[in-house]
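What follows is chain A paired twice: with chain B in the first complex and chain C in the second.
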Partner chain A sequence: MTSKQIERRFNVLKTAVAILLSLGFALLVITFVSNEPVKAITAFIVGPFQKASRMSNIVEVMTPLLFTGTAICIMYQANQFSMIGEGAFLIGANLCTWVSITLQSMAGLPLLLICFVVAIMAGVASAMVPAILKVKFRANEVVSSIMMNYVLLKLSDYFFYYHFRDVPSGQQASYPIPTQIKLPKLIPGLRLHAGVLIGLAVCVVAYLFIYKTKWGYQVRMTGANINFAKYSGISVLGVALSTQLIGGAIAGLGGAVEILGRYDRFIWFGTQPGFGFDGVLVGVLAKNNPLLVPVAALFLAYMRTGADVMNRVSDVPIEFVDVVQGLIILFVAAEMFMAKYKHKLIVNNAKKQLEAKEAAN
Partner chain B sequence: MPEEILLMDKITKVYPNGFVANKDVTFSINKGEIHALMGENGAGKSTLMKILFGIEPFEEGRIVLKGKEVRFSGPLDAIANGVGMVHQHFMLVPSLTVAENVVLGMEPKKGGMFDFEEAVRITQEACDKYNLKVDPRAKVEDLPVGNKQKVEIIKALVRGAEILILDEPTAVLTPQETAELFVELKHLKEQGHTLVFISHKLNEIKELCDRITILRLGKSVGKANIADVTEQDISRMMVGRDVVLKVDKTPAKPEETVLKVRDLKIVADSGKPIVNDISFSVRKGEILGMAGVEGNGQSQISEAITGLLGYQHGTISVNGVDLKGKKIREIRELGVSHISEDRNTYGAALISSVKDNILSDRYYKKEYNKGLLMDDKKINEMTDELIKEFLIKCDDRDDQVKMLSGGNVQKVVVAREFSNNPTLVIANQPTRGIDVGATEFIRKRLVELRDQGVAVLLISADLNEVLELSDSIIVMNEGKIAAYLEDASQITDMILGEYMLGVQTQTPEEIARVAYD
Partner chain C sequence: MELLSQIFDLLRTPAFAASVLRITTPILFAALGGIMARRCGILNLALEGSMLTAALFAVVASAFTKKAVLGGVSAAVADPALVTKATNAGMLAGFIVGTLAGVAMAMFLAYMAVGLKADAYLAGLAINTMATGGTVFILYLAAGEKGISSSLDSGSMPFIDIPVIKDIPVIGEIFSGQNMMTYFSWICVAVVYFILFKTATGLRIRAVGENPHAAESVGVNVKKVQYIALAFSGLFCGFAGISLSMSYVQFFSRGMSSGKGFIGMSAMNLGNASPVATAVAALLFGFFDAMANVMQTLSVPVQFVQAIPYAATLLGLVVFAIQSDNKVKKLKAKQDK
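Here is the complex of A and B:
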């Protein structure tokens, strides 16, 4: 076995152990805080599979994460740590809603396409701000994108309150989104919508882009060693700019898909809905590989659904899932987690190889 | 009866990438001797010393220092136990004075404040005692390399080092500075210090050391009194065969000028001129060597030519095309190849595969793309061919470059830079820190390229390399050309050394001869 193979196997093992450990810890917490721990744990683990509607719910929860997770993958591959996914997703959904309401007379496929384009453009425009600040003025994109997210939140609130809030209906929601452009349901009787297909397509295209095209090659090299990329003649500033814009575009599209797939009205205001930040979690779990994004997103969605079920049938609150999430991130992101074990594996293997070589000589 | 001061017994070290750097290495030194540690690059010398100095942990074995088993948790621990180390790359703060560097971390205080005068006194005392001449009040950045090294040695001695490890101390020195260092080291020995001297220059070891330990491929293969062995014996033990580092080459047949540098001036951010008005040319079919102590503007010249660094004044042209304002890719498209002196920063992306590293200057070209996607089949073919041609030792093209040895990383760089039909090769320290086999290979390829009509600018701090490969030589000193030596075969390293140190300088007229059209 080569050290390369050990490394690869170890990474899978490490992620698995991280997930199991955090789940184990979660179960431990449940047994302490709950009066009916067995019921709560059952609801959490098995609950999501007990009804078709819950399984449909898993996929629904997963769908937006496919977009924001992929956006993170592309940006992180180039070492561009923009958090703009959050704001881009929100403003994409917001403008998509507004346009659909304004132009509802035309309805149908053309309007749907216009909505998508508007959301994508909104995402690009949002990402442009931290991206240009980075390229022109070397401003750290982590900080400026997070700040930009607040600007976008307030902008979204403004559009909502002043332009398309359904005041007469008396609820805190927009006018209804025209039903003709809502994404079709995939299975009759379930809420599962076609957005998941778009999301999976985005993952595949992003994978091809990163690993199979010359543009993706530039992205990977810039991320692997920016000095090397520069020395080789790659325009690293161009890569920094374009990956952030692509990330914004994908997140913006995600916002449109989410709103058109799951909601009748736009209802996000006041606080950030959090899809962009969840995308970071998904991207980290997927090791920046878009092909692993569906797996990571599915896992997260399963946990969310489980927590939701548990919340309804037992006395454990839904926030509990955030604790588990935090633990997973901690274990997966911790480089040195299980490093001693890995080193032992490698040492033993290297010794064996050396002996084999000597025996052969 | 010599007294054993240090024993490293059956040390085994495996790096996280699975590389076995040391396998059952036993290394023993006696009090008051100068002990040479020899071996090719990659033989495990540096690793062994890093283990001794507490920088790297080890898997098996034990270290016995003055009869007591020890295991240092880090360099501080090692220093506290009387082991000091002078690294190849100096660990000094350039903007501080010599005295401040010497007492760094153990500053004398007076009334809670740093007592500079006391620091000067401590430093001066050490200078006098060990006969090392440095001005304690001088700023380190203003010192020549040889003196920086003395500061490192003083630093270790002031901290109470009885055993002093010197990692290739002569690699950066001129022959004259080396001679001076040897006098000082012998003086240290007389005062009862024990020295470990790492080098791969046989003549130096013969001259300076008492005993020798030789490593090969991570194992100790020999131990002897220097007086009992010949240079040939040592070299045979080191590489397992007789080393022939002679490159056969015919006299150059230079043709028209390819690279033309005129009145080039590069000023650092601090306002200090680094390259000061230099002009030279490199012709098709010749190797122009650029010798000089490192830090005399050579790196900046290579970076200016290849587009990595801007310049304030002057022109650089390749085959008549002015490079001013050109992007790096445009310069590469003119046929300029660049072996960077720092392969880990510029030459390669260590976490990427061999394939991706070879691809970096050609990935966008039509021949490697099919529609929107890259043509994997063609790329794989090209990569495999180069791996074979350049004898890159790896499991396959998907191996991460960081898993390879230094020599093989450099071969990856060279495979890329030599296979893109270059018209001009800027080779900056092309064989630094790599094993003899790879060195020999790369040198041969450089001469082959020359014979095929490529213009080569060879920048090297290794005088043997410059003398061996170059057809003509320019010597750099303080950002200027100190000499143009038209026929490299007539030059000795002593002559080069004098120009490098600025002891001698040619007249402007003599130097201007290298700026032909």
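Here is the complex of A and C:
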């Protein structure tokens, strides 16, 4: 085995152990907390597959994660730890709603395209702030992007409250989004919408860009060793800027897809909806490879749906999923977790290779 | 113009000044926690989650202790002496457990980031995620509710009237009668300054933060120092949590930290991790927060006021960069001479 193969094998194993340990912890907690643990655990694990509507729900929950997860992958490939996905997603959805309501006299497809473009531009514009601060002023993009997320949340709240909230209807929601641009349902009778196809396409395109183009090579090189990249003539600042902007664009588009696919009205205000943070888990699980994002997103969506089912049929609140989600990130991110095992793998492999060499002599 | 004078009228009252001090308290504590972590070279993104967790545990410990001391007798009919005893015990328990919860969260972060070498940003964000859901989960177990702990009879830290000052007209209204945690937070600014700049531990923390390798080369145990610094960070997060749920309000509600941990982090950033400058920044952010509160009665978009702390931090980052660029230029010019 080459060291690359060992690395890959170890990563897969480590991720699997991390997931199993975290799920094990979840089951343990359920057992202690619930009065009817068997029922709760069954609902959690088997529940999502019991009805077609629930399986459709898994895919629905997965869809926004495809976007924010891919955004995280592209940025993390270049070691740009921007959290802007959260804010870009929100403002993308917000402006998409506003534009669609304002221009609702227009025909379907042109309006849909305008909505997407507006959401993408909004995402790029939001990502621009931490990106420029990083490139021009060397400001840490983690801090500035989190600050920017709050600014975007307030901006989104302002647009919502002062420009397109449906006050006469008495509910805390925007005016209804025009039906002619709602994304089509894929299967009659289920809520599953075409957004998932857009999401999968984004994953594939992102994969091709990162692994099959010159730009992608520059991105990966910058992430692997910034000094090497600099001295081989790669514009590392350009990479930092472009990855963050593209990340923002994808997240913004995700916001539009989510709102046009699943909702009749815009209803996110006051707190961040959290898709960007979920994207971090997806990106971490996918090891920053966009092609693995659907798998990671599917897993998270399955877990969410399971917890939702359990929440409804038993006495265990859904919130414990957040704890499991955090645990998985921690286990996967912890470099020293299973480090001894990795060491052993490498030593054994080296020994074997040495023996093979000696035998050949 | 009329609007400006309306705003000015609202801001001129002593009640408003008092509310600034009140609102600043958790922000200031969080900022102090941010300073301790940043000084040892770790950006503690888990401030938010840590203070939220501390707030919950303080309420739960306080309520259960109070109940245990009362021994099942309703507070309304119990002997007044017993009620006082129960209230005091609950207060003490809440304070201790809340503080410990804050420290425990920071130690968890330290174990992950320092011990297991996880990326400190990821670990911080993960801990926040866990705290957001975990607190609601525990609240449900303890109180049977998911939103607010109103069924728990928890206490508050004492409110203090300062003897002479309370009789001075305007100043008394502002500075006297605040919660103990408010006064305590300003004392803690001095404490942080003292720890960082007047003790050997503080020197080590700063050395590790500046350059861990250099510190290690002169025999400083880098990991140990980072654990200690983060423990302090957690301590202040604990205080921040207590000042959320056991001072001006006496309950826990889901997500009640509502970004205050991040505002604290902003204040720390704007103050460049210096205790005094950070405290001033925290006070400024408290002012804007309070202003957003009173402006809700006017027909002005409060969102813009609410966004000020975050926007100010973004601006601050730029100003710092330009400043340090100028410094470097000056040094270079000196060398060339």
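Keep this in mind: the second predicted complex is superposed on the first by the 358 of 361 C-alpha atoms of A that agree within 3 Å, B and C clash if a C-alpha of one lies under 4 Å from a C-alpha of the other, contacts with A are read in each partner's own complex, and residues count from 1 in each chain.
The criterion applied here is as follows: a residue touches a chain if its C-beta (ideal position, glycine included) is under 8 Å from a C-beta of that chain, and two chains touch if they have at least 3 such contacts.
Nothing here was measured: the structure is a model prediction, and the numbers come from that model.
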(message) Under the stated touch criterion, which partner chain does A:208 make contact with: chain B (first), chain C (second), both, or neither?
(response) first
(message) With both complexes overlaid on chain A, does A:49 touch chain B (first), chain C (second), both or neither?
(response) neither
(request) Have a look at where A:10 lands relative to chain B and chain C in the superposition and call it first, second, both or neither. (result) neither
(request) Look at the residues of chain A and decide whether chain B or chain C touches more of them. (result) C
(message) Let me test your reading of the model: by the given contact rule, A:137 touches which partner, first (chain B), second (chain C), both or neither?
(response) second
(message) With both complexes overlaid on chain A, does A:343 touch chain B (first), chain C (second), both or neither?
(response) first
(request) Once the structures are superposed on A, label A:150 by its partner contacts, choosing first (chain B), second (chain C), both or neither. (result) second
(message) Which partner chains sit in contact with A:217 here, chain B, chain C, both or neither? Use first/second/both/neither.
(response) first
(request) Spell out the part of chain B that touches chain A in their complex, as residue ranges. (result) 14, 16-20, 23, 59, 306, 308, 327-329, 331-332, 338, 340, 345-352, 356, 359-361, 363-364, 368-369, 372-374, 376, 395, 398-400, 403
(request) Would you pull the chain C residues touching chain A in the complex into a rising list? (result) 43, 45, 112, 115-119, 121-123, 125-130, 132-134, 136-137, 140-141, 146, 255, 258-259, 262, 265-266, 269, 301, 303-304, 306-307, 310-311, 313-314, 317-318, 320-322
(message) Going by the contact rule set out above, which residues of chain A touch chain B in the complex?
(response) 2-4, 6, 208, 212-214, 217-218, 220-221, 224-225, 227-235, 342-343, 346-347, 349-351, 354
(request) Please name which positions on chain A make contact with chain C in the complex. (result) 33, 81, 83, 129, 133, 136-140, 142-144, 146-148, 150-151, 154-155, 157-158, 161-162, 271, 277, 280, 284, 317, 319-323, 325-327, 329-330, 333-337
